[in-house]
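Shared chain: chain A. Partners: chain B in the first complex, chain C in the second.
Here is the complex of A and B:
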């Protein structure tokens, strides 16, 4: 493929990133050579970023509060509130997070993307030996914008990652997480919830690469879509020959609430070690009519019964959030949204 | 675990030398010069006395193919194929047609007899001991069909079973109506190549309401050196009919890689059922990964009518590289597609195989059971698509892909694609990757089985769901094949 003719959003992004270094320089180069990803890129099969960005013509601004100079090194026991906000136009930012050996850290990320925005943000996260990171990504205010939040997480031995992604989608919202998993008592938990309506698009893409023995990865992603919305889940576990005794489980379950929505899933396994337990499950369906009937028969109106069932279905991954107040806050957000939908 | 160790050792020993179909047969043949151009296509077409429209179709496909690129997405690695270094046709000397079994050169009959495929009808009954069932065989030797048995008996039932070259002559209207309607000439790189140069393959037409009185079978044999095989099979089950079709394949051991790019098209009309079974045992290459067949096949069934059913069952043990995705387009209301697969890779084999189930009609159902066993230094990928369109209300899919790894130098991969556009569908997918469970082995041993027997029991149990789907005649062969391919673990 030769160099393609850039669209306005690409030109704006390339110009805005002139002189950038590190990940931003890579993004610039990739955009210059290949353009923004389209359906032709296997990893973006169901999320056509280039098409979604068609109306963007100028550069925008992305602001990150909570991380001075783009570097974060939280203290033991600290909870960092990170707020990312993209204004109209194309923009990109990158920051790095280091969780030092033995520390336990919570990172609460809140994302906002205005209408007409294309915000790219990349987090480079290092979890050192014996450290623990709990990461909550909340993408409930990007509903008219385009947001691509990617992260590369380096998980050392004895380290622990617990990630919960919560999203209401957007014009196109993508949470892309890559974990390099060293094994040897380290664990990765990559959960997620999405609830989409009104033509919104959410893409949760994760890839975990087990390089050392005895690592654990557990994943539970649940979603519900309605009214022209589209939910995408792509999960991949790659287990190297050296990563014997890996225990990896992936589950994606989604509800289709009406017939103008779409769910696409690609739960992928690439296994080179024989003494492992790797499994994935994927189920797509709709609300259980008998459960609805039962609830109505007990005097619960249909609308309420539906909302209750959907809420209990979706809330399961939120149980992995250890902060009770935050968990309850997100449940409430879910409840509000369900009320609005039905 | 000693049993696992034993299995690994046995598998290692097995890597070459046990492929009993590796012999070659000297037969006088007309072999086309190497290379691909319009002259070769005209030569192939002329040697089969094809009508003009068929030649035009081939030439159009060739023109299209020249602009296409070999697909890169599969998880297989091989050096670029020089398509000009392949012979596209090897047929009988002087273009002679064998009118009866007595005209077929004794060498070819002996070749098939050695493969366990007796072609003289009186001998056929002896083929499978204890079986009363007759199996009609179309034997394809390189690029031509040498003989088709039981044609007269099938004709009585109205079933047409003949080489596709003969069908073009005797039933051109049927061929013209259906050829390329399931796999269009421009479908993909290998299918387009096939459309340009296809030689023989089988043609089956089962008239309305007829239950085909016997199993139909085609046996493909690649013999001539440097020759690719490009067969094309077309099966049409008219309203309310039923047919079960079996396919077997072998090739001699050669140092070079041979190309096999076939196209199979199935059409099932209202209430019809087609059961298509394959036991694929092309030469997989030697212990160093040298030689072997490149098996790049496009197979697709179209459930065109309501309540129709197409079922693919495959046992894949051969080929250096397999690239094969038997698929079902579920167009008719309440139609059903099934895919049952056992794939065994050993040595340096690479397999990227799976299925596609495209749900278009209301109430369509599909079931996918895939069992992969990787051993040696092989790599295996299940790649599948389940797509449910907006109008496919009430669609149902169940998919299960299990992989078993034997030894620590192989790989097993699962790449399923799931797309759903209606809330009135239920799609389930499960996949696991493990080795033989130590707990299960222990349990079986504790009940008094030897390690060897316990391993055999577990591996048999692992593939049982699929073996059960094979017609009796093939189940026996498939089980033997598995035993040879993974001797030690199957006891």
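Here is the complex of A and C:
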């Protein structure tokens, strides 16, 4: 099997990662052998990264602040603010996070990607026995940039993960989260919100692999997409035979704000245990015309009525954020964005 | 106050077919009067309320709607609302995620801004809401919940009237306000409506049954059949209908 002929973005990325180790070395090798993922890869069929990166010709820089030496081991009760910023060109970074046994930690990740960037970042997260992690991924400043933020989360027994991903998309933004779920009183909550204006693309891909019994996974993802924008949701629950009594629920709901919007969703259950409660629901709809008329009849102008309806629709997953100030801040971001696009 | 002249309206059905529902309604409700519209199912009662308030999909093809000397037939629903037209819905709409108090404050201030009036401050609004809610035995807890979500039929209808008490419209259209109400709830709602009766305010009460009109006494009763007013008269007309039914009017309109 021959190696593919690389495009400029791939060459830049391969060169930039010369001598890399760990996940970065794997990324380099995968890019060298297969190139960047295209729609021919099942996991990327709605997010053609290679095509999106077509105009990138040089290496860029990805800057991570808040994690010295790429390793984080937050103290109990600590809130870590992590900033990830990708400049124009192709770049990649990786870091690891360990939440030690019994600790409760909050990780607020803020991502920026400049126009012409292809930023890749990977987080290796370990949540030890009895530890709790709340993770808020804010991807609202990618504009014309490409950003792929992936994570592998190892969830031990009695551990708790609460993740909320918030995105306005970008030229192509992908949040890919993999959870290895040990069960035995451990819980994963994987929520998300996306609001996409013209030209934006957002992809929220999650997979949860239940390996032990009695684990809980709950997921609520909501989105709204305007004309010429694309929202992608791929959710997978895999439940091993050993993971009896797993309770896993996945819900994805999205609004098409225009006939020319595109939303692609693939909910997937792969279950080998026979005594489990697993469900998925996926609903794509439009704004409720009756509610719009009701609001307008009360005097609320159309633009304001639409914004209020969309905001209240999208705000639901934000309720899972414990920090009230952060929750309100993101709701405010939604409100501003809705004002700007309507 | 409200003058409807030779109004024709067509509605686009879900299958895309168009249907004429109103076939030349003429009606005038002067300030201070309450008129009732009675008619069998499918006679065009709800369509009339939507045509007057400007709902999308209810296209006026002929005739005019004049409100306080202004033609409003081409105005957006919110423009008509700001001029003082209020519709109490037969089926009030649930709006998940929007607390009732926030919704009402947005509505009141949007109307005030449209009329060039100053916005009402949050404390003043709360005071207003509390006073009016008390009149209708509505708890403030209920108003913190999302609009109509999880409300009983009676609670929804009471909330419709509360909104009218707060927004103080110049003209009310009550569409089947009595449907889904038991007798106690009906009295509360009717009391609320009666407090809104005023020399400078008009009302159109749409109802299938005479029962509501025992509590909200109309000045004039119109009978609507097949999209036309086939007879108008005093309150006694409602009693006559109750005794004799709609059959003879359905015949007349055809």
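Heads up, the rule we're going with is that the second predicted complex is superposed on the first by the 341 of 342 C-alpha atoms of A that agree within 3 Å, B and C clash if a C-alpha of one lies under 4 Å from a C-alpha of the other, contacts with A are read in each partner's own complex, and residues count from 1 in each chain.
Quick note on the criterion: a residue touches a chain if its C-beta (ideal position, glycine included) is under 8 Å from a C-beta of that chain, and two chains touch if they have at least 3 such contacts.
It should be emphasised that the depicted structure is a prediction, and the values quoted were computed from it without experimental measurement.
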Clash or fit: what happens to chain B and chain C when chain A is overlaid?
fit
Once chain A of both complexes is superposed, is A:279 in touch with chain B (first), chain C (second), both, or neither?
first
After lining up the shared chain so the two structures overlap, which partner does A:8 touch, if you call chain B first and chain C second: first, second, both or neither?
neither
Using only C-alpha centres after the superposition, what angle do chain B and chain C make about chain A, to the nearest 10 degrees?
80
Per the contact definition in the header, classify A:268: touching chain B only (first), chain C only (second), both, or neither.
first
Which partner chains sit in contact with A:296 here, chain B, chain C, both or neither? Use first/second/both/neither.
second
Touch check for A:313: first (chain B), second (chain C), both, or neither?
second
Return the chain, chain B or chain C, that is in touch with more residues of chain A.
B
Check the residue A:157 against both partner chains and state whether it touches chain B (first), chain C (second), both, or neither.
neither
A:304 in the overlay: touching chain B, chain C, both, or neither? Say first, second, both or neither.
second
So in the superposed three-chain picture, is A:42 touching just chain B, just chain C, both, or none of them (first/second/both/neither)?
first
Shortest CA-CA distance between chain B and chain C [superposed frame, angstrom]:
8
Residues of chain A touching chain C in the complex
288-291, 293-302, 304-305, 308-309, 311-313, 315-316
Looking at the complex, which residues from chain C come into contact with chain A?
53, 55-56, 76-78, 81-82, 86-87, 89, 92-98, 103-104, 106-108, 110-111, 114, 146, 163, 167
Parts of chain B lying in touch with chain A, wherever the complex brings them together
73, 390, 393, 403, 405-435
Mind listing the chain A positions that touch chain B in their complex?
42, 45-46, 241, 244, 255-286
